[in-house]
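Per-chain numbering from 1; labels A, B and C assigned in written order.
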Amino acid sequence: MNYQWNFAAVFEHTDALLHGAVGTLRLFAICLVLGLSLGLVIGLARYARHRLLNWPATAFVEFFRNTPVLVQILWFYFALPMLVPFEISPLMAAALGISLNSAAFSAEIYRGGIQSIEPGQWEASRALGMTGLQAMRRIILPQAIRRMLPALTNRAIEIFKMSTLASAVAYVELLQQGKLIASLNFNPIETYSVIALVFFVFLFPLVRATYALERRLAKGD
Amino acid sequence: MYRWDFLPVLANADLLLQGLVNTLAVTGTALAFGIPLGLALALARLSGRRWLAWPAGFVIEFFRTTPPLVQLFWFFFALPVLIRVEMTPFMAAALTFSIQSAAFFAEVFRGGIVSIERGQWEAARALGMTPPQSMRRIILPQAVKRMIPAFMERAIELMKTTTLVATVSYADLLFQANEIAQKTFRPLEVFTVAAGIYFTVILLFSLMARQLERRLAVSGESTVH
Amino acid sequence: MAEPLLRTIGLRKSFGEREVLRGIDLSVAPGERIAILGASGSGKSTFLRCLNFMEIPTAGSVELGGRMLGAERKRRDGGIDRVYAEPELTRVRQRVGMVFQQFNLFPHMTALENVMEGLRTVKGVKAPAARERAMAELARVGLADHAEQYPARLSGGQKQRVAIARALAMDPELLLFDEPTSALDPELVGEVLGVIRSLAEEGRTMLLVTHELGFAYHVATRVIFIADGEIHESGTPDEVLKHPQRERTQAFLARHREFSL
């Protein structure tokens, strides 16, 4: 029971952890950009009246929201290479899985945000002679984005947390490096505690910022 | 052109089915412990007593903020060293996901409770109810009704998150799929089928949740007055 | 004069910097019906809510049945605060019923269950007895045939009558009405006032914050006019409503002249 804590051994491998942190950040950045922008396209497509746009977008959203990310990542890593003539790297598999999953979730955020704007705003824009696309870009989206901001930062936090799943396909990120250090030093307690703390310290300010955004939004729109 | 062959998957259907059962077992266990624990955490956080509210707040925020896979590794690899117990993959998974989902459920409970109008508290207190009586008889029954959609969503998220147990060799659906894929050299078919099973089961739950939500909205009992 | 049922001494209430009640002395004898008038923001509702401790008074004291409520606690600067323990307040609230402006019926319970709730949970009455009593109260407010309805299916006037039955079921010694008809459509006001009038005829003790001056005139035994958190004028309905002595009372009544005496 009297376990002797020893964190020194973990910090001997700071370089490995930093290497992992860079991997985490790289994956995070890729998935954030791909996920949120693809999500906007799909969200708009779901909003479109045309069935040819609307239907595939809906199917995409439903599929990726209703399957676990880890299954998607493993599918891209193990299954997709059977279909395509090139290698799938761990980074590619993880980025594909997490980005497409985030795209599906953020598409719903965009759609909800756009729908929350009063019809009067559409009518006023159309009355000025704007096209549907102009109204969307100049009038609706700027208002909707403000309302969606807390949900989007929340998504960003989720993406950051999901990046750990890349360790399942041996992509070098924080958790993967943690596994390495823990097996080198036989000190899983210290290592995984440090990893958990790193994530907490990094993400908690973002969580607080999201809360603050939510409060500000609730107060006055 | 790749030639699809699902026969090897079919031959191992029993393994997949067993995996699905194990997935549901972890999900069910985590729900059974996570919901009461979540309620306790929410009540502690709302208690107004700092020595209760603060630790509860910390547990909630910590488990909501850190990645579930890191938590799972901690409980599976680190905790046994600390308390010297044999930790099976199932125990680690049940422990991790109970606490983790409790943290999320706590916020659902809290949101539901604070959404109830002040007038309800006042009417209960004006009748002479104690605060615990008001909470149990008047506030919680109304709050729970409003929370049902968020509950279902959380339960579905939980089921998806349980796939992580495959990484600590618990024989859930994903783990079984991986085993079969390696055995049969048919990863495309196996993982596609596994994804399909997850999709079907989760979509089914989602549709049920939506149906329930709509029924609640129509009956009008989820709104006040 | 009979021993007062309720008495307030120098009752004060502040919300942060804002002082809403600035020392109110009032004595309520059994059987009295006091209408409390005042402009919005005058503190009249806050005063009422201090009497069953929906709001905890900042200073001053409340006596119920001759006993002063709360306990003294010395402040650092030598002054004395009154503190109120939850169990005492629960007992006080069982003796002092309240009817709210927004009804505050419990939406997850039927009308009958609403009326039974206090009996069951607070007084520990067994279900059959509680049901019988609740049915009697519902019959008294004319809603026996709506016992199984949920509040969502009742009109505003019906809801308020259920709320009155809910308060009555607890056998309160004193009833507080906080603008009971202000949230109602005009055509529904009458049925609620009718119920309150019949309670008055039974000789119940009540305090009533209201804007219905005509009703106050006919039903109250005493009228007090509150302005800026103080009792500005008080007397019989005739004195205050027909022959107000002070300028602010006159101005207030002039703005509400549409009532018929």
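Quick notes
Note that a contact is a pair of C-beta atoms (placed from the backbone, for glycine too) under 8 Å apart; a residue touches a chain by one contact, two chains touch by 3 or more.
Please read all numbers here as calculations on a predicted model, not as lab measurements.
Path length between subunit A and subunit C in the chain contact graph, taken as the least number of steps between touching chains: 2.
Of all chains shown, the one whose average CA position lies nearest the global CA mean is B. Between B-C and A-B, more C-beta contact pairs are found at A-B. With centres defined as mean CA coordinates, subunit C is found 55 Å away from subunit A. Subunit B and subunit C have Cα centroids lying 46 Å from one another.
Centre-to-centre separation of subunit A and subunit B, using mean CA positions: 20 Å.
Contact of a single residue of subunit C with at least two other chains is seen at no position. Along subunit A, no residue makes contact with two or more other chains.
Interface of subunit B with subunit A (complex): residues 2, 61-62, 64-71, 73-74, 77-79, 81-84, 156, 159-161, 163-164, 166-167, 174, 177-178, 181, 187-188, 190-192, 194-195, 198-199, 202-203, 206. The touching residues of subunit C, when paired with subunit B in their complex, are 52, 54, 86-87, 89-91, 93-94, 97-98, 100, 102-108, 117-118, 121-122, 150-152, 159, 163, 166-167, 170. Interface of subunit A with subunit B (complex): residues 1, 3, 62-63, 65-72, 74-75, 78-80, 82-83, 157, 160-165, 167-168, 175, 178-179, 182, 188-189, 191-193, 195-196, 199-200, 203-204, 207.
For subunit B in complex with subunit C, the touching residues are 117, 119-120, 122-131, 133, 137-138, 141-142, 145, 220-221, 223-225.
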